[in-house]
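Should a chain be cited, it is by its letter among A, B, C, D and E, assigned in written order, with residues numbered from 1 in that chain.
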């Protein structure tokens, strides 16, 4: 539930920590410029990387960290500070925006909703330079295909913009993907609420707590992101232009909205705990009620049967010709009286929570 | 419970998202100026829109977003930034106040209390320009008729003011409508509290949680609004004059009051949860009490009946002439003693919470 | 539980809202100056209002808002802004301190403890001008008599001071009256705590929640007051002198103290809820204990009686001469053994919470 | 539980409120200077007060406020502002540090741990002037003897310092005395925790709440003190030198530590409430278990005894020669089976919480 | 649970408090410089301490405070302020960063995970000077061996740096050691959660509270550390260079991460309390269910047996030839009917929480 790939204690800072089973890097460069020029290719040898054309932008996307030498080499080509490289490779780091001389490091968390509605969180490191954007992802697969398509499709609007606009588009795409994830969680919450009423077992309670922990994790991912985007909008630097900041304000607003939804979900979870406890107490009540009804009906009747089982020499009732039928009349009368009493108390009706629906 | 009309991920920012069933726009322009001039008409063709006269104000109200082309055209006429247009059309956005070059975007949440006391929340986008105010509403129907009436009625006071005063009047009207909504909620809360005492079923608990979620939603709508109004009062810009800011301070105060009432309601809800749980525990107590009273009265009596049902050869009591009446005397005495004991414990009285009224 | 006299929605700001049954205004003017001069009279006609003498102060106190025309006229005489007049007449407003050109508006909440220890909250609007103080109260009766007495009694110390000192004296008097109110509430809290232990009924729970709501209301009244006084001490303006600010710092300190007491009371209330729930659980325990003791003593005895009521042909015990007395010996022994067992468990002693006193 | 010696409402500010039974003031002046000079004497007549020698310091300690005239006279001698005098005499005030022209008022709370480990809180008003320190205490007895001893013992280090160092030493001594008080409370908390497990009566709950209230009171005393010390360290004034500020930073750190311990204690208290409720629920469980075991063992056996007590004409078992012993065998077998069942459920073992110790 | 080695109250500030059983100091000096020079030796006599060479660094590590004279002497050699010495010797102090003229005091908390996974917290005082670093530890043994190894191993990178880099490396190493400690705690939390479901005894509750207190202690250690590191990164001073501040930003990020994990753990603990209470309620339910099933099955059967044990003269059923078998048929039928009823209610199945696993 908690993991950090930290270097050996005391190791020199800047040391990269790459797990054994890290997949080998797949590098892809996209170049485009306002005059319509457009290149998109897989890079196997770093020497093939090209510089961005005059007024164009170069986007280098690295997926998989399984080759330390290659990452260091790439960092050298773009003049990245060793600490910056550490931040994008030794995941997970807190989301943040940091200015390093010539480039801006943006660390965000991308959520992906899998086919089985499972939500995974992955770090994306974005490095914004004068005319390039580097993105670093630990695993293959991302949520940026629509952006690539917009570039490829030759939207003039996109190609006119600078590198900062590309970085914004990537960040915006990451934040937008929180919405479907929140919808999935919202559906699960509704299912859980029903379960909490219908079958208040400890299993359901544990599901509720697991959901709570998942929300906590999302929240931990989102809050620093909110701060990061805030500083990206408002902190002065030369890399992010005014126009892009205007767009980022929107992205920031969306990020705030998602955190608010998470907070609302957390409130709903705590409401569910109440529902759960109440359902359990209802159960106990129901069990008690059955016991009480059966016991209080039969105990007086049994007493009377016991009385007429006594061996006293002189018990006149025993000799009455209608004694035995009268006994049955009396106990029937007693039983019916008790049932009326319980009916009056409303204890004979089944739990009403299955019939009634809340408004 | 949570919805956002977000464009396809990766779509160019500024893309409008208009649902299939959006009603076609109804546009209405009101023009007035200090010299008493006054026009109010339905606009079907945007070419009919007139500029505000010399020292006058033009109010263009758009209800329904079912025609993207027309909205874009309108935006072009008034020189609105594409992001601004996105903010007013892709509802819901967080409430905010944003300065865009020549105009001020104000996003607020309007509440309407329907005939069946149902509360709906709708976004109103207000764009304040030099001499015009645009309002954007997703659905037909709003709460601005009194303002229209004041303009029509020819209040000099109104016609003397600039566009910023009109924007203020609209915002003020929106905030003022929270009061009747809060009163409706307050009445429901009182009903719920009674129910929580009288019939503590899981249904009532769910009603309480639904009410809590509704308050959470209102709160989510109000808090950003409070910030937005605060920045509208205090942040410098040339569009909002000093006199109007004085009025806005009052509106802001009212907004603060409503958030405080919401907070108070939330406190009351959590009190209701306690009442509910206590009522349930009371029920269990009552069931237990009945069981205990009946059992402890009859169990010793049954034992005695069992004793005199034994077949020992030599049980002197059985032969006493007054044996049987004495048995009845003893068990009656036992029963009365038990009743006294329970009476002393206060267990014979019914639940007092239905008689007593809290002070 | 929540009320706001808001004007009709969309009405022009500054519209006064005066309820039908508002009492007619009683106006009283007190004039005094350092040279001992002193006038105190009832004003029936506004033309009778006099200006403050050279270095003197004029205090106009208005109680009851039943005459809109007169209030507006008074506002005109003293040059009050329409929004200011609205703030003092359309009660309740949030406590605040607002600078309006020539005068300072101070809105505070006055608490009065009635004869039956009932606490009422009323708004007092104070308008501080160069040489006058206006006070506006919705109902007759206030807590300022000691101030009037100090003026009348001719304390030189008072008459030397300017209008700001009078405004301070009024504010100070309002804050000081929270102390007796808090003492009354403190006594009620202690009564409630005893009740919560002795008779944990739902009625008591509701009393606790009503007390909690009352504290919430007081808190809502006090917190903005605290801010208001803070800004009155620290925000620069020409109306409040340095010497008076020194005094106001003390008043502010007292206001902080009262909010702290309220917070402490709120903590005590939540403790009471625990006591209440614990007392209820104790009750259930006691009921269960009685049931368990009686049942477990008699059930085995009844079994034995049942055994010797059987009709087996050959049951030797039945023919023993001492069989019947032995039966009684055995069941007595059983009963005593059970009682020892329960005594050992500590279940025979009554609830200890009535004897023991907490240290 | 809450007390404020406030003057009559509306009384002139600066009015001293001295209770009837206030002890008469005992005044003691200590004079010392760097050249070793040292005087320590009881002052009965204020005319005996001496000024501090050239580079020396005068410490006037007043214990008991039973003589208003004398206090006012003393205030005049040292030029104290009437509001300042009110703050030190009308106890309790919030802890604070206030600059009054020529002197600095420091209001702190001193805790004393009595012989019976009872903790009392008393206000100490410290007035720091150019070359003097005045201390005001409501009751006789304080915690400053070690300071007096250090002065008397002629520590050069002490005599070299100015009045600000003496004020610091007094404040430091007050804060240091919170440590033993917190240790006493810590021991009590541990006792309470044991009680909450062993005997979960309502009395214990009330003790827990009283402890909680005591912690709340300490907290109320400490937080403003923390602020006061903070402003004493950081707010510029000419009375407190740089060297002393360095020392005060340490005192401030200690004050922060004590508030943190209080917060930790509060967390422990809330943990205790859980333990208490859990112990109570355990009790109910135990009672239920006994009832269930006894009932379920004997109820089937009683049924069988009832069966063979029936008077059907033809019940073959009754005539079997081994019928009666077989009956006993069957019921014994039933009882043993039930015991195994309960043993399997783990219900036969006593509450394990008395044997096991938490790690 | 709470300890402070505070000097006697009123003692002169700067007094060292050294417990009787403090181990004698072990001093070790490491010297290194960029030109590869490197010395590492045990210092028994303070006269053996050497100054750092030209552009080199001297690291003096003191473990054990058992010799006051020696500590004071060392402080004099390096010109440490008596208050600074007090802060590093009189442990524990709050974590902080304080500038004292020529050197910077950094007080941090080091955690060590022992062989038995026991976590201990120890204070490390770091004093950073122009060309030296002093570290003070109360007990032998620390977590700095990897740093010593990096120096010894002759990493050029390390030797090029100044004293501030060494101080950073030490602080970084301390923070990095929180990760394994948090992993150990995480595992314990998972164990506890299982226990809370399986065996909800008061012992488990107490373990949960002890874990909670341990987390509270860690939190108390971490939060001031976070502030300290923050001020070390951002507060201007000449001792910490720009390059090192960049590295410290990373350390600060890690510190923030650890506090976030602690907060997450605290949330999990409160979830565990819910699980615990729910498991206990489940237990009560189960006990009740067994009682109810057995009672309600046998009570009606016993009544019937009682009926046919009555001695009425004329009970026809008793004389029927098939009376006795019919009795058995009826009671068997009753019992089966009841079992169906309970099966329908789902009361016959064992607690499902042992079979089901949460997803």
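Keep this in mind: contacts are C-beta pairs under 8 Å (C-beta built on N, C-alpha and C of every residue); 3 or more make two chains touch, one makes a residue touch a chain.
No experiment lies behind these values; they were computed from the predicted model shown.
Student: From the mean C-alpha coordinate of subunit A to that of subunit D, what's the distance rounded to whole Å?
Tutor: 43
Student: Quick one: subunit C and subunit D, Cα centre-to-centre, how many Å?
Tutor: Roughly 26 Å, centre to centre.
Student: Listing for subunit E: what residues touch at least two other chains?
Tutor: 277, 281, 284, 288, 291, 295, 299, 302, 306, 309-311, 315
Student: Which word fits the touch map of the chains here: line, ring, star, complete or other?
Tutor: Basically the chains close up into a ring.
Student: If you start at subunit B and step next to subunit C, which chains follow, in turn, all the way round the ring?
Tutor: B, C, D, E, A
Student: Which of the residues in subunit A come into contact with subunit B in the complex?
Tutor: Within the complex, subunit A contacts subunit B at residues 143-147, 149-150, 155, 157-158, 169, 172-173, 176-177, 179, 182-183, 186, 190, 197, 246-247, 249-250, 253-254, 256-257, 260-261, 264, 267-268, 271, 274-275, 277-279, 281-282, 284-285, 288-289, 291-292, 295-296, 299-300, 302-303, 306-307, 309-315, 345, 347, 351-353, 356-359.
Student: For the complex, which residues does subunit C have touching subunit B?
Tutor: 1-2, 4, 6, 8-13, 81, 83, 86-87, 93-94, 96, 98, 201-203, 205-207, 209-210, 212-213, 216-217, 220, 273, 276-277, 280-281, 283-284, 286-288, 290-291, 294-295, 298-299, 301-302, 305-306, 308-311, 315, 317-319, 321, 323-324, 327
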